[in-house]
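In the two assemblies presented below, chain A is common to both, partnered first by chain B and then by chain C.
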Partner chain A sequence: MDRPKVVEYSKPLCVEDYPCGAFKAGHLVQDNAGWRVFRPVIDQQKCVRCLRCFLVCPDGAIDKSGDRLEIDYGFCKGCGVCAYECKLGAITMVREGDETDAGL
Partner chain B sequence: MPGCRIFVSGDEAVAEAVRLARPHVISAYPITPQTVVVERISDFVEDGSLKSEYLHVESEHSAMSAALGAAAVGARTFTATSSQGLLYMAELLPYVSGARFPIVMMNANRTLATPWALLSDHRDSLSQIDSGWIQVYCEDAQEALDMIIQAYRIAEDPRVMAPIMVNLDGFLLTHTYEMVELPGQEEVDAFLPPYRTGNKMDLDDPKTVCYAAMDEYMEFHMKQELDMRKAPAVIAEVDRAFGDRFGRSYGGMVEPYRCEDAEVVLLTLGTVTGTARVVVDAMREEGHRVGLAKLRFMRPFPRQEILEIAGRVKAMGVIDKDISVGYEGIVFTNVNSSVCDLASPPPRINFIGGLGGRNISKGHVRGMFGQLLKLAGGEGMERIQFINVGCEHNG
Partner chain C sequence: MATNARELTNTEFLYGHRACAGCGGSLALRLAMKVLGPRTFVAIPANCMSAVSFLYPQISFTTNAMISPFPATGAVLSGIEAGARALGFKDYSVVGFAGDGGTADIGIQALSGAIDRGDRVIYVCYDNEAYMNTGIQKSGLTPFGSRTTTSPAGRNIPGAAGRKKDMFEIVAAHGIEYAATASIGYLEDFLKKIGKAARCRTTSYIHVLSPCATGWGFPVEQTVEMGKEAVDCGLWVLAEYEDEEFVLNRKPKEFSCVGDYLKKQARFKHLKEKEVEFITANRDKKWEKILKNWKA
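Take a look at the complex of A and B:
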């Protein structure tokens, strides 16, 4: 998937070195996976690749380039819209760190 | 166009100065007593004598939002407001100062509702001294004209990069007429070069403005404070440069008047300074050692200048045309926090007057000096005194 690269960001060593106003743009200093409490897990047996989840994902975190739909967990913030919208119930929201996560 | 003398009101003097400063974008909403400023500027844009984009917006909140947007692409901008309008745009003031955009705004000092009133006091602008804006207060139309031009040079100085609010007492200054020296365009162009900045959105060098920086918010604001501490030196430098070119200078942060050997000094803000000057002259002739200090800037605050004056007087008075209900005058609080650093600060009185435009006459100022001379002589005095109240009170 064509994602912006996370670049290493080093904070200025001194307050005086901070920019006066405008800050360099167009670089990503961290992904947003840390926001997530629940992760969506796709049951590939049930998925028919209708792409409804792909369309509704607010972060564009569903990758359809391969044979199987895959979720980019580096950018998925766990909102659950995909699971809510999936007509086949192929997406389950699993609490992060839960050992019962069958999809992993 | 060469310089000339013109007979104008304070509002018109501001409009003339804005024309000379050549902002790219003007965004404003009319409000009494600022209205004449935006009407005149609108005329100038219409007749082609000012080549600016004039945005007619639907509110003060939009006026400052549009000015912010224009400043974010590197434009020199101007807006103007007053009273309730200033409070309506208040949300945007820290946005602008935090993003370090050198917007110049004229504020016609007018009181705040309730009760609804149109006349002048300083409750509007002083409610915003924590917004990160530089605040200057003008005594007459000439100073207002000169300070609009100086304001751009101070605000756009890379060492400062902060917005400036140029304050004129409503009606007392905005609507009174006087002869004013109007500098020539070429002279102003030489004094105030075009605004060039790296603090803008730029396709060739992508930058973000008004960003989220939750982890580094504190460092950004500490830098803002460290830079603001450089502003007094820049203000003094610009005042000198203006004086060299145009023959008028105002003394930077504070203008002391007959303070050298004064026993008591009165601190003033804005047009009441003119009244107090006349009283100082009269009382000097009678042999009283009185003086005044015109606080020109409220932010950054002229701590050092006040300390120097306070260190050699026997009593000090502060006129506040405002009140922070529940405490005292806002100028008084600021003066006190500076003066308390002295080993033995002079005793002080806060004269609260002029609220809602209530007159402060020569007689009232003479009365204040009388109180201060008694205080200097060791008499006990009320710490906070209300001036020209229309009926009996227990204050």
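Take a look at the complex of A and C:
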């Protein structure tokens, strides 16, 4: 998985600890996984790697660096655009907490 | 420069933002950043994208990015460009992402000034057709009949009564080097246009229609589909302005039904047959002018 990672962060304890002027770019302290009700699961047998889902993901949560497309469940909000746009129906939306998923 | 998913870099330059699920604006920004690459300076005025990606200590842009004053996007872009030039930087882009209100209402004079000066900056207007960030108020780019909190649909007035400003033609009237309209329904076309803008020597302007599930009221998974339908029914036109000439990029053989597109959205649910006909007639009038005057 080649996606930005959440970093360890401790809250400032006094005013001097706060950044003055600019702050670090690409600084992630918390994921967005808690927003999700449905989780997209890719059926790797059906996937032909057309990269449509990679292109349309508003959060960029689909990683194309490996042989198989991988979803970063830390930052996927479960909007379902990928599943809706997949022409082969290779992505299914599975309710969070449902045990029937094989993709994870 | 990348023009399709295969050529696009896997690296994300906008990641971990807090936009609503299925946000069209964040998709437009994410892909534009991927085309422009890591050596990009970004300025964003008050809009959803600045609200969701600069939540200290969660900073979603991995490149230099800042929030500009609301009316000053164009001026801030000019300043960044002048600074980069003074420092002797080579091979960089300066881009601004303003919303529809930040472009057509509040930021229009700074944008006009930037185009007039001819600074080498890219101005992207991501158009979700209302002030979505503050809770869906009418902007200058809200189309006729759209229900917002400041243009509620009532017995006598069917939502927004005015017409949508034609920002693309307003910008083109400056004699800008390159201007284009795009939609997130046709992403390859959008990528191509961002690439073209990046190669310009002076100011360029991209106006991208970015459906907003929250404000428009449609199921979140249909964001890209909505952007496509807007083009297919003829209410949104994909075009370019280059070498002082308008070029139409996509001419649907047959328009899909305007009513079907409108009725999928909660903001147009209240429209009566008469109003849908009015919108359709306006579309036909606009297209007649386009086909007569623009290069196909």
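We adopt the following convention: the second predicted complex is superposed on the first by the 83 of 104 C-alpha atoms of A that agree within 3 Å, B and C clash if a C-alpha of one lies under 4 Å from a C-alpha of the other, contacts with A are read in each partner's own complex, and residues count from 1 in each chain.
Operating definition for what follows: contacts are C-beta pairs under 8 Å (C-beta built on N, C-alpha and C of every residue); 3 or more make two chains touch, one makes a residue touch a chain.
All values derive from a computational prediction rather than experimental measurement.
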Applying the touch criterion given at the start, work out whether A:Asp59 contacts chain B, chain C, both or neither, answering first, second, both or neither.
-> second
Which touches a greater number of chain A residues, chain B or chain C?
-> C
Determine, under the contact definition given at the top, whether A:Lys77 touches first (chain B), second (chain C), both, or neither.
-> second
Does the superposition put A:Gln45 against chain B (first), chain C (second), both, or neither?
-> neither
Classify the contacts of A:Lys24 with the two partner chains as first (chain B alone), second (chain C alone), both, or neither.
-> both
Return the residues of chain A at which the contacts from chain B and from chain C coincide.
-> 19, 23-26
Using the touch rule from the top, collect the residues of chain C that touch chain A in their complex.
-> 4-6, 8, 10, 12, 14-24, 26-27, 30-31, 56-65, 187, 213, 220-225
Can you list the residues on chain A that touch chain C in the complex?
-> 2-4, 6, 9, 19, 23-32, 35-36, 50-52, 54-60, 63-65, 75, 77-81, 83-85
Using the touch definition up top, name the residues of chain B that touch chain A in the complex.
-> 99-101, 158, 161, 198-201, 206-209, 211, 213, 216, 219-220, 222-223, 226-227
Can you list the residues on chain A that touch chain B in the complex?
-> 11-12, 15-16, 18-26
